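In the two assemblies presented below, chain A is common to both, partnered first by chain B and then by chain C.
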Partner chain A sequence: MKTVTLTLTNPSELLLEGQNITPDNFAGKKTAEIAALDVWEGKQKSPLGKYFTIAGDGGATAAETKIVLLGDCTRVKRIGQQMTAGEIVIEGNADMYIGGWMKGGKVHVKGNVDSFCGIGMEGGELIVDGKAGCHLGSSPRGEWRGMKGGLIRVAGSVGSDTATFINGGTIIIGGAADIHVSTHGEGGTVVIKGDAKGRVGGQMVKGDIYVYGTIENPLPGFKMVGEVEQEVDGEIALFAHHIGDLGERHPVSKGKTVYANLYTRL
Partner chain B sequence: MPKKVENVGCPYCGVCCDDLVVTVSDDGKKILEVENACAIGNQIFHHATGGERIRLPRLRQPDGTYKDISYEEAVDYAAKVLYNAKKPLIYGFGSTNCEGMAAAAKVAEKAGAVLDNCASICHGSSFLAIFDNGYPSCTLGETKNRADVIVYWGANPAHAHPRHMSRYSIFPRGFFTGKGHKSRKIIVIDPRHTDTAQMADIYLQVKQGHDYELFDAFRAVVRGHEIPDQVAGIKREQIVEVAEILKKARFGTIFYGMGLCHSDGRNHNVDIAISLTRDLNDFTKWTIMAMRGHYNITGPGAVWSWQYGYPYCLDLTKRDIAHMNPGETSSVDLAMRDEVDAFFNVGTDAGAHFPIDAVKHLRKHPWITVDPNINMASEISDLHIPVGIVGVEVPGIVYRMDNVPIQYRKVIDPPEGVISDEELFERIHQRLCELEAEETAKEGAKAAPEGVRAGSEP
Partner chain C sequence: MSELLIRNGFVFDPLQGIKGDRMDIGIKGGKIVETSALNNPKTIDAAGMTVMAGGVDIHSHVVGPKVNVGRLFRPEDKLFKSPHKRCSRMEMGSSVPSTFKTGYDYARMGYVFVNEAAMPPLHSPHVHEEIRDTPIIDNAAMPVFGNNWFTLEYLKNNEIENNAAYTAWLLRATRGFGIKVVNPGGSEAWGWGLNCLHIHDPVPYFDITPAEIVKGLIETNERLGLPHSVHLHCNNLGNPGNYTDTLDSLRLAEGYTPKNDFGREQVMHVTHLQFHAYGGDSWKNVESRTKEIMDYVNAHDNITVDMGQVTLDETTTMTADGPFEYHLRAGNNLKWANVDVELETAAGVVPYIYSPKIKASTVQWAVGLELALLAKDPMRIFLTTDHPNAGPFTRYPQVIAWLMSRAARDETMKTFKWLDRTIDATSIDSIDRELTLYEIAQMTRAGPARALGVSNMYGGLAPGMDADIAVYALNPGDMPSDPAGIEKAFSRCAWLVKDGVVTVRDGEVVSEPAKRTVWVDVKVPENAQVQRDIYEHFLRHYSVKLDNYSLFEEHLHNSRVIEVDTT
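Right, the complex of A and B next:
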């Protein structure tokens, strides 16, 4: 695996849109070619090298390319967007859409990220050591087929609207979650190890949610049906099992109605 | 002899009353009387000729005062601001016609700007819900002629849309609703006991910020499930009783306002309201409608969706790709995140409506206000360009809150020399084309600047 190191040495005035910063785009390119890739600051298109000092060449394929971002990327959007393989390590914070629509590979952010990270995700791994903003692993606006696969792991807390329209894949949140988790969900798993503010599983059709802490405002559309022992994220624990959202439509499979499951830790 | 103009549309709120009668003085310069309008509608006409108007664009001087300049100079200044900015924001359009909105969109596209309207801080969240969940709506005429159950949820038309209840919902006698008020049930759901709640047969005082839970409870009950004893401050029996009324209606309309789209959860509150409306259609006919605020704030949604496929928060900085994602491309977020470097405030007052921090960020860069009147935004602008008042001095198409287009007329001429929004934006567009041509002739297109190549020192 070859490593390309980008150091943000000349930060943009406005926010920078870095959708070209992916192993897919860097693969097979020499340092100078990478530096000539486009980034956008509003309507102004510039080469990547205007803002970043670049060292190293890309690997032969995306899978053999690793990108390390140094410097303060708090105002850089769309890193790792639509990547299919390879690895990105962001040493500090990053802005919106990190790992958005990603299909494979791994993104590791050592700081915090803003909103819309991992939206429309289909595969791969997005690891955030800090906090994430709103719409983590959600579907893009107006898209009723949300996250399909992959793993998102955020160590800290997350904002609102996590996993809207989730269809598959797993999101594990170490801290607390603001309102709206898996709204309109049709599959997938969300684990919240801290507290949840409320509206957990609203309009949810199918899928699983685990909450370890308390839910401040539980929805009336969820009904407790029993206690179960389950293995979650490598540990076994006892949970209260609720089904819902009873207000929503639900499919019938083999003569039985399929509900979404909400497990709260006992 | 004073002249009476009939069937005049009111350029104030989204009810778009089009039955006003305006009496104009002999010389056609003064508005003497306005009939049929409510108090606010009345005011907007009298305001036009009641006092001094700004007749020329005003440019901020180094000493902080304004100096009158010509429209030509103003157009040149505005075009240059747009041309030189990396990401200008053009926002507003609460009070102009569709012709002006279309012309402004041409400018935004040419300038590579973000184009947004007041829905961004108003019913924009309704759009998001509609994208996600559809819009089983109707026209106000259908409600008037058919509805026997009306729900106002988080809306207070008694103050915000004064003639809504008398023209369309509670009082009018329609084709199948000949008994008017007597044959209708009115349900008001609001955390505050508003003047609209006074008109209600049933009033539910939902706990502030918990509308979503109440909708969820209604949906569960409609599907025949048990719910807890109390949800969002409302007792189970009352929820069950209201759910029965909703199911037994012949035709119902849910009118909702800011209470849903601007309390916690925003689009989700509207989204679940739409889900409930759909559920109720398993039993009878139910419809839902946003109580859009200004008379033509539905307009930019219609016009720009037709032009670009999105109703608001349009990022046109990539010119041939329109990108929309409120939270990122919405005006207040752009301002708060310091993401724009020029601001156009058109037919609204961002100075009064935006959070102070957003205003402070925007104020670091050029700020241009286009508005017939003096407002807070015009007073902190670098340039204020006056235009004619649509519906009073400028005719044009407006969209009522139910997406019905109405041709508005003018009753008097604008002050001498004052142009319309449409003409202003056409002229700015023209100037932008000239600037682009000049630069292309000199050194090639601006959209792809040379920048600093790899290896060179930053």
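Right, the complex of A and C next:
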């Protein structure tokens, strides 16, 4: 694996659109070619090298390419967007859309990220050591085919509208979640180790949600059906099992109606 | 005056019966002229290429409120489909492209005239604002009449003269082009939660049937002598077994002959026929009934039709057929919009995915192509996808390749999950016919221009006509060449000259000549009763005042008016 190090030495005045910062785009390129890749500041297109000091060459393939970002990337968006393999480490914060539409590989953000991170994700891993904003692991605006696979792990709290239209994959949140979790969900798993504010599983048809803390405003569309012991993220715990959203249509599989499951820790 | 000479191309002009002769086309002052009239023209070398008039689309949903609803509620239709690239204006979207992309993409395909298929009269200002913002292509828009309270009341009482006066007033008020009829009576019945699936189902309250509405509108149209005929979206769209209702609708034209000064030969245009040619009684046993439908169409000269070809894409359906969209939504559980437009019409919008993995979609695909391949007279069947209902207009080149090449059809059929069942339910596999470039020219410019009554300006290459000329990098000597080559050539024309201005070169838009709004202004005798009825309805039933209803002059962009005098 070869490592390319990007140090933000000349920060942009406007937000920077960094969708070209992916192992896929860096693979097979020398330092100078990487520095020539496009980034957009507003409507102005500039070479990556205008903002970043770049060291190292890309690997032969995306899978053999690692990108390390140094400096304050709080205003750099779309890092790792649509990546299929390889690794990105962001040593501090990053802006919106980090790891959006990821298909594979790994993104590790050591600080906080803003909204829309991991949206439309199909595979790979997005690890955030700090907090995340709204629409984490959601479907892109208007899209009814949401997260299909992969893992998103956020150590801190997250904003609203997590996992909208989730179809598959796993999202594990160490802290609290704001309103709207797995709205319209049709699969996948969301684990909230802190508290949830409300509207958890609204119009959810299928899939699982685990909440370890309290749900401030639980939805009336979920009905408790029993207690179960389950292994979640490597530990076994006892949960109250609810099914729902009973106000929504539900698929039937082998003669049995399929419901979404909401587990709250006892 | 700028002069151009398009030299040595293989020219296809069905309006003049020119079938691929090597000819030169002269252009002067935005019009086609005899080459002898040129002094010092710039030359376009079209040697080895196909030359046709600019394309004419008889039925496409490109401007107005329901199109914009599609744009607004499908941001995902634009995702990663708005590339950062050099262009005049922002292009985005796929099944419901932005106004700019609509104009540019039509131009790239060599089209110059697009007839908006359904204008809700109340929202005509929006339609005209979007026409203004759609570059290059000339547009007309047809107001919908088939569920309009005035129309229903006049026709119920058989007051054709009054209905004609009202129609003339509404065409002027909306700067409209002709009489569109969508699910006659059915969209109004939808206001009661009902529908008119058959042509003799009465419309609630109005106590009139779809059959009476259609016949009354044909009589109105021919009394006025409009350039275009009644343009009908039949009842019972999209339902298995509907072909009998379609045949019933087609028969409504029997006994009527066209009366107009525009060269139009039909009294009824039936649109997106593909959606109306199904047998069976459910999607499980749906089958093609194109033979029955086309036997009828082939035998009746006073009817024209268009395909409504399914292109097997993800798209956005949108129609004034409110009940249809409601039922479609119940099938796929996706987001939807439905509106009622006061005294006039309704509309709905639902995303839809036609997939080679779904039998219903592949049967629909076969049905559309069969219609064109069974047609005896390509001057009476036109290439459409009912954009964006059966697929985006940007797929016309693919449809042309399917029509021109059995190999292209076979290639696509190989991707079908239910190929055997599709073959059993249709006749597509038994049809070897491959259309010629001349027939494609008939279906995409000459035919639609004649049916719209605009063949003195569009759709042909005779001196005096608009200098709208498309040059395609296709050598007719190689036909049928490889389907990919046909598709590529029709996707990006080598040259488009619009109004004598080079607009597209090597598939890229290089200029934006002024586009026009084409509409029809009919003079009718003073009609005090109709004036009073209009005044009364606006006073009692409309949410807007009469003075605010008619299009303000500043909404009308670069008007090209077709005048009709009945007095």
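In the analysis below, the second predicted complex is superposed on the first by the 266 of 266 C-alpha atoms of A that agree within 3 Å, B and C clash if a C-alpha of one lies under 4 Å from a C-alpha of the other, contacts with A are read in each partner's own complex, and residues count from 1 in each chain.
The criterion applied here is as follows: a residue touches a chain if its C-beta (ideal position, glycine included) is under 8 Å from a C-beta of that chain, and two chains touch if they have at least 3 such contacts.
Not measured: the values here are computed from a predicted model.
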item	value
Clash-or-fit label for the pair chain B, chain C on chain A	clash
Dominant contact partner of chain A by residue count, chain C or chain B	B
First, second, both or neither for A:49, with chain B first and chain C second	first
Partner chain in contact with A:257 - chain B first, chain C second, else both or neither	neither
First (chain B), second (chain C), both or neither touched by A:40	both
Contacts of A:116 with chain B and chain C, given as first, second, both or neither	first
Partner chain(s) touched by A:245 [first = chain B, second = chain C, both, neither]	first
Contacts of A:184 with chain B and chain C, given as first, second, both or neither	first
First, second, both or neither for A:214, with chain B first and chain C second	neither
Stretch in clash, chain B with chain C, out of 38-46, 56-64, 74-82 or 128-136	128-136
Footprint overlap on chain A, comparing chain B with chain C	40, 45, 140-142, 144
Residues on chain B engaged by chain A in the complex (per definition of touch)	85-87, 111-112, 128, 131-132, 210, 212-213, 215-220, 222-223, 225-228, 231, 264-265, 268, 271-272, 275, 279, 317-319, 324-328, 337-341, 447-449, 451-456, 458
Chain A residues touching chain C - in the complex, by the definition given at the top	38, 40, 45, 140-144, 249
Complex interface listing, chain C residues touching chain A	73-77, 79, 84, 333-335
Residues of chain A that touch chain B when the two form their complex	9-10, 13-15, 31-32, 34-36, 40-51, 53-54, 96, 115-116, 134-135, 140-142, 144, 160-161, 165, 179-180, 183-184, 198-199, 202-203, 217, 219-221, 223, 245-248
